[in-house]
Amino acid sequence: MHRIGVFVCWCGSNIAATVDVERVVAEAKVQPGVVFAQDYQYMCSEAGQNIIKDAIRTHALTGVVVCSCSPRMHEATFRKAASLAGLNPYMVEIANIREHCSWIHKDKEEGTEKACVLMRAAVAKVTLNVPLKAGESKVVKRALVIGGGIAGIQTALDIADAGFPVDIVEKNATIGGRMAQLDKTFPTLDCSSCILTPKMVEAKANENIRLITYAEVEEVSGFVGSFKAKIRKKARFVKEDVCTGCGVCMSKCPSKKGLNEFNMGLNNRSAIYIPFAQAIPNVAVIDKEQCIKLKTGKCGLCEKVCTAGAIDYTQQDEFIEEEYGAIVMATGFRPIDASKFDEYSYSTCKDVVTSLELERIMNAAGPTGGVLLRPSDGKHPHSIVFIQCVGSRDVSGRGKPYCSKICCMYTAKHAMLIRDKYPDVEVHVFYIDVRTPGKNFDEFYRRAAEQYDVDYIKGQVGKVYEENGQLVVRGVDLISNEQIVLNADMVVLATAIEPDPTARKVANMLTASIDTNDFITEAHPKLRPVESPTAGIFLSGVCQGPKDIPETVSQAGAAASKVIGLLAKDKLTTNPCVAHSDELLCNGCSCCEKVCPYGAISYDTKLINDHGVKENRRVATVNEALCQGCGACTVVCPSGAMDLKGFSNKQIMAEVDAICL
Amino acid sequence: MQRVSEKVIARARELMREGTVNKVAGWKAGEFFYDCAPYVFESEEALKDLVYDRFCAANLSKYMIKNSVAAGAEGGKVLVLLKPCDTYSFNQLLTEHRIARENVYVLGVGCEGMCDIDRIREKGFKGITGVDENADGKTLTVHTLYGDGEVAIDDVLVNKCEFCKGKAHMIFDELISDNEDEGPRGDRFAGVRELEAMSPADRFAFWQSELSKCIRCNACRNACPACSCRKCVFDNDASGIASKANTDSFEEKMFHIIRAFHVAGRCTDCGECTRVCPQGIPLHLFNRKYIKDINEFYGEYAAGAEAGQRGPLINYTLEDIDPAAVSDKGGN
Amino acid sequence: MSVNGNLTAAPAANAPAAEWKPRIVAFCCNWCSYAGADLAGSSRLAYPADVKIIRVPCSCRVNPMFILKAFERGADGVILCGCHPGDCHYSTGNYYTRRRMALLFSMLDYIGVERGRTRVEWVSAAEGARFSKVMNDFVAKIRELGENVKVGDLRCKE
Amino acid sequence: MNYSYYPGCTLKTKAQDLDRYGRESAQALGIVLEEIEDWQCCGAVYPMVRDEIATKLSAVRTLMAARDKGQKLVTLCSACHNVLTRVNNDMRTDEYIRSRANSYIAPAVPYAGETQVIHYLQLLRDEYGFDNLAKAVKKPLKGRRIGAYYGCLLLRPSKVMAFDDPENPRIIEDFVRALGATPVVYGMRNECCGAYVTLKDEAQARGNVDRIIRNARIQGAEELITACPLCMYNLKKHQDGSMPVRYITELLYEALGLGSADAEVAVVDGACSACGRAK
Amino acid sequence: MQMSEKDVAALVKEISGSDVKKCMKCGKCSATCPAYGEMRFHPHQFVSMVARGRVEELLKDPTVTRCLSCFACVERCPRGVEPANVVAAIRVLAEREQEGSNISPADVPKLVAGDPEIPQQALVSAFRKYRK
């Protein structure tokens, strides 16, 4: 039998002035199941709490209703008190007779009446409460970072510094990512390598960090605190621990016609190669599509010249299986394919380049040794036109609907660097808007225009074509309202960026949700920007949305601190107000699975004993560690198999009933 | 329809004989020629009772939930005869993982519309002893104790066929059909629009008068392929709406409204609910209201047009209309 | 403009008959609207006592059955409040609410429960004033519509 | 391979070369082009405003004729191709236009865009195959440096025309290559020739043609080819005659060894037989 | 009945089928327009002025007929605005108001006499484009 106690708080005069608390007590006493009711000036005070505790013990209460302020204020207080008195804390319900009643009504009669209804609803609910117990789950104290660019490196370094082991899985042969390809960084113009490579070295040296390069995550199972990942380490055909990175193999390799990815295909590399001089690990890798030995069985030159004996043509892909408590996505971005915008003649004119290609051309370690030369004939250009927003803010279907965020700044950077180093070069920039929110950003852009005399033209370019070894650029100057035709030696396209194509695959594996542009969705756009809605999955860098280096690094740190906070716990307490599926009622229709934002529901075929009939059925199971208790699943379940603990169908129906009495 | 019928029956026997299937879900004539009921035939011999005529309106998809599993357990396959409209239900059940597809052999059967014996009677025929389809395919000869008469098929179609969705099968392993798909027939939302045009008070009166006829026989629930829960919420005490204890009449009163919402976005408009209702309640008007709203709010959606579709109620877009658009539209 | 004005003016002026008080159920999500209602309270922004709030974790927890139950029990209006679209604590909950309620309200109207008796409003935790205004508006609307049909009698024709 | 063929008015009068060599070449390749009976003018320009239905009807009739024969509809003139493809798209996707057009024409079977409209070049590329065409070439046009002039109508709007990459098309270049000649890619090949504005203001059209021919010449083209009679007219009229311009079918005819297609053909004067009512 | 300027602008939006609000004012339409020099108003201005309901000036401008309907602006617009359709709608409305003002059948013999090479296509196009 229910033995409910009702406690009515005066809250000084806050409640008592508009609610006749004694009448509420009297009314409570006649509710079915209520065996005790009392009012007191301040229920939340120690004395008030003692009244509750004593009553629980004395009257062997099975449920408690406190008529007081908002549960958002003191629900935890009263639950704790109940639990100290030996009652399950989830057997406490609050009737909010202050914020929702006494404070908004002036008429005491009206206020009292309403307070009685709210009390009745809470009593009706609490009679249907069941004791709940917060679950616990283990935390594996190791983190996985997917992606070894600046975002992944920074996150890993911060986690490792806190004393937790962390693995970086990088799909390329070296860590470093896009930042390694950049020449200078805005707005300070410091050299990208100079600030990145020390971090790469640090990652390599840190004993808490394991670098798994040339590798991809293949499978992930489990949930927050205990994920299991299977990682494929692709065959390098070079023993990683033996190779000294001397580079002799590269010079002797006869197959030199591979496109150099690091230089955006602007020059070639050998079949056995180290991506760039500062690569970490500084170990060669063989491109198996290009290697003569691997394709035909003949050659083997690199093996002969390798004094360390590091070459192994028989190497196979390896698999690593590991458990992790948390996973960070840092999968980064790539520029979109500029050939989708061939009104700018990217496909047909070599001197039309993307900004990332220009970055390599400007870089001392790039294909031209850092000298600004036209790709077509290697001559010095005298005029350069930059076109912004190529494929950004584009809803025509060819580009991306979003602003890529970094292009305005890097274009200003390029323009400034060119004008600084080669004052004879005329630089024009066609822009729609110049977007420079960020510390010292607008000043930077203005410096390009004012100090470096970069010609900013508000308008777009409609067509670029080649004539006489030069590029003809037809554009519009919207301010002077005229169409202009410029001759240029080079055209640079500020192409939009898009999430790296691996992001979608990885997100699917992690059941992390992804938006229509393939950026990973954050748990809350404002309040939980570095977490995925899937517990235990964190976001670092551009995989979440376009951002520059400072933003990436700060987000990387934020993701790391979230990971550290998680790994620091020995056990995870789980919210007991979670969904639960009744296997006997479940149809196996998968509707609940589809609306769950956390991937907390899975389907398995199980042997079900339905009142003596045993059969294999496809039924839903809720992972209580992942479920956050929103209840979306309960409504789509036509059979009512899915219910939410603490807010069950019956409980809410009882409240409705009590209110509409 | 005669030609298709013969081919279908012959083919069903053949598949049974060959051993491709060991069961056939089809229709069997009952006591009267017009009460063709779903039946699962388990031998070639039994198939002599298989019929396929103008009175085989029953949708057999739902029977595949149990029978596909059972057939699998026996290591066999079940043949199911599906008319074009039935295939939508079949697909929807596949979407909801209710049918073991690998154990079912779907024979799509052509259909030119099913007839409603009550509507024939309404034409003034008494003592009907039999009905034959005439060669023109457009009329029926009605044999009665008092002589023969003729009636146009179009005038005696069951409601769902009056608003036929089209002659195309959405899924099949094999197809026996002579029909060209002419697309949907009639304006199936006309009835909904008519109601929408009434005042709220008149609408309430309309439904009150219709729903008061309900005797809670559960025929609609039993026939409906979307109403296929292992245990209905109305029979589930924990749901808070069941009325076992009889303390609460909620279920009694709101049964059809709740049922309609439970099948919203999943209902294929197969029309079985209305067809089987012994009290003649136009239950399809609930379902079509939801379908019409879904189409208008979220874009055309036909449940069961394809297996694996994501239904409108388990989906959203950022640009969805706000419920205010509904609240404000009427205004009163 | 006085919010309180709405409260006192209506009954006194023209309600000689036995005073009818609307029964109004408000479902509020825990993270935004319930907090918004708390803020309305702590800011002393009045709205009629006819409104009774039921706390749910998310607007998407509200099963259409709850609303039908309320109407069956004689409620005159039901309002559902949740986080603004895009701000759902659970990311996507209110998007599903939006669809379910649009369809349910349209259906309720179809069986004769006027459209004005059902409403969804998005109220954030910071919008105490808005919460109060929404409730005042809603109650005013329900008073204007008067007593609801007896949905409970849907199957009890004389 | 049998196809419905829609020549259009201009191909029966001023652009007979485009038509004649197209037909004869097709015949030589074993492609049967069946001219639609009693065809009417396509309308010459696609009516761009949504409330103009009547001007789309003759195109619908043509499309319907091909539908009734169960054949793909082959066009040769760029303008006809543009109009027919776009009206067909309207009939397929735009309920408003579809229902209005059908109620005007009131055909036995309503038309809903079932016909597939393909250009002669697409016929060669997708149905016959450029590789097969290369094999059928008897007199390869070796050493000739030919610039493709696409103009606007074949390519745009690309979402509807779905002809080729609208900014970097290659179908005519591939065609030229199949005929054994050397294609010259130049940027202005998809910019407008001046079109009908030539009747209003010759100078405007001349400016356009100047830019196109200059760019083609500088990039190394020695002759141009086109599939559009109006482009042909503008390209020839507004230059000094130093850049030869030919129809694509003339070149094909020549490469197939069917004879030499001299661009100078007797002008057949008189009223347009099919679309006389426009006058 | 006289329509207000606002109504005409609404009509332009309707018959052009173009959503002018989607324009982000990048100017690519005007950058790409081959008739830029011949037209008093340029594609981006058409879009902007129609969006703001200022169509009177556009309707009075005779240079609207210089648009080539080449669709380069439509093809290259990153926002799917279709400026050429807006220009066409303005042109058509202007022509509907002033029947046959831009070309008349009487002009044909003169045109053809001046140049026997003019293809039918040009004549029909011009008639379709320049007359109601």
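For reference, chains read A, B, C, D and E in written order, and residue numbers begin at 1 within each chain.
We take it that a residue touches a chain if its C-beta (ideal position, glycine included) is under 8 Å from a C-beta of that chain, and two chains touch if they have at least 3 such contacts.
For clarity, every value in this text was computed on a predicted model and none was experimentally measured.
S.K.: Among the remaining chains, which ones contact both subunit D and subunit E?
M.R.: Expected: A.
S.K.: Going only through chains that touch each other, what is the minimum step count from subunit B to subunit E?
M.R.: 2
S.K.: So which one's got more C-beta contacts, A-E or B-C?
M.R.: B-C
S.K.: In terms of CA centres, which chain lies closest to the overall middle?
M.R.: A
S.K.: Just give me the whole-number Å value for how far the CA centre of subunit A lies from that of subunit C.
M.R.: Roughly 36 Å, centre to centre.
S.K.: For subunit C versus subunit D, what separation do you get between their C-alpha means, in angstrom?
M.R.: Their C-alpha centroids are separated by 64 Å.
S.K.: Find the geometric centre of each of subunit C and subunit E from their Cα atoms only, then give the gap between the two centres in Å, rounded to an integer.
M.R.: 52
S.K.: Please output the residue numbers of subunit B that touch at least 2 other chains, ranges allowed.
M.R.: In subunit B, 240-241, 313-315 touch at least two other chains.
S.K.: Could you pull out the residues of subunit C that touch at least 2 other chains?
M.R.: 64-65, 69, 86, 92, 96, 100
S.K.: Enumerate the residues of subunit D that touch no fewer than two other chains.
M.R.: 167, 191
S.K.: Quick one: which chain pairs are touching?
M.R.: A-B, A-C, A-D, A-E, B-C, D-E
S.K.: Under the stated contact criterion, what part of subunit D meets subunit E in this complex?
M.R.: That would be residues 8-10, 13-15, 41, 43-45, 47-52, 55, 77, 79, 152, 155-158, 166-167, 191-192, 194-201, 204, 207-208, 229-230, 232-233, 236-237, 267, 269, 272, 275, 278-279 of subunit D.
S.K.: So in the complex, the part of subunit C that touches subunit B is made up of which residues?
M.R.: Of all residues in subunit C, those touching subunit B are 64-65, 68-69, 72, 85-86, 92, 95-96, 98-107, 109-116, 118-120, 145, 149, 151-157.
S.K.: Show which residues of subunit B lie in contact with subunit C when the two form their complex.
M.R.: On the subunit B side, the touching residues are 192, 195-196, 200-209, 211-212, 214, 240-241, 249-250, 252-255, 257-258, 260-261, 264, 286, 289-290, 293-294, 297-298, 312-318, 320-332.
S.K.: Okay, in this complex, where on subunit A does subunit C touch?
M.R.: 70-73, 96, 98-101, 103-107, 110-111, 113-114, 117-118, 121, 513, 521, 523-526, 533, 577, 595, 597, 628-632, 634-636, 644, 647, 649, 652-653, 655-657, 659-661
S.K.: So in the complex, which bits of subunit A are touching subunit B?
M.R.: Listed in rising order, the residues of subunit A that touch subunit B are 582, 584-591, 594-595, 603, 610, 615, 618, 636, 638-640, 643, 648-650, 652-654.
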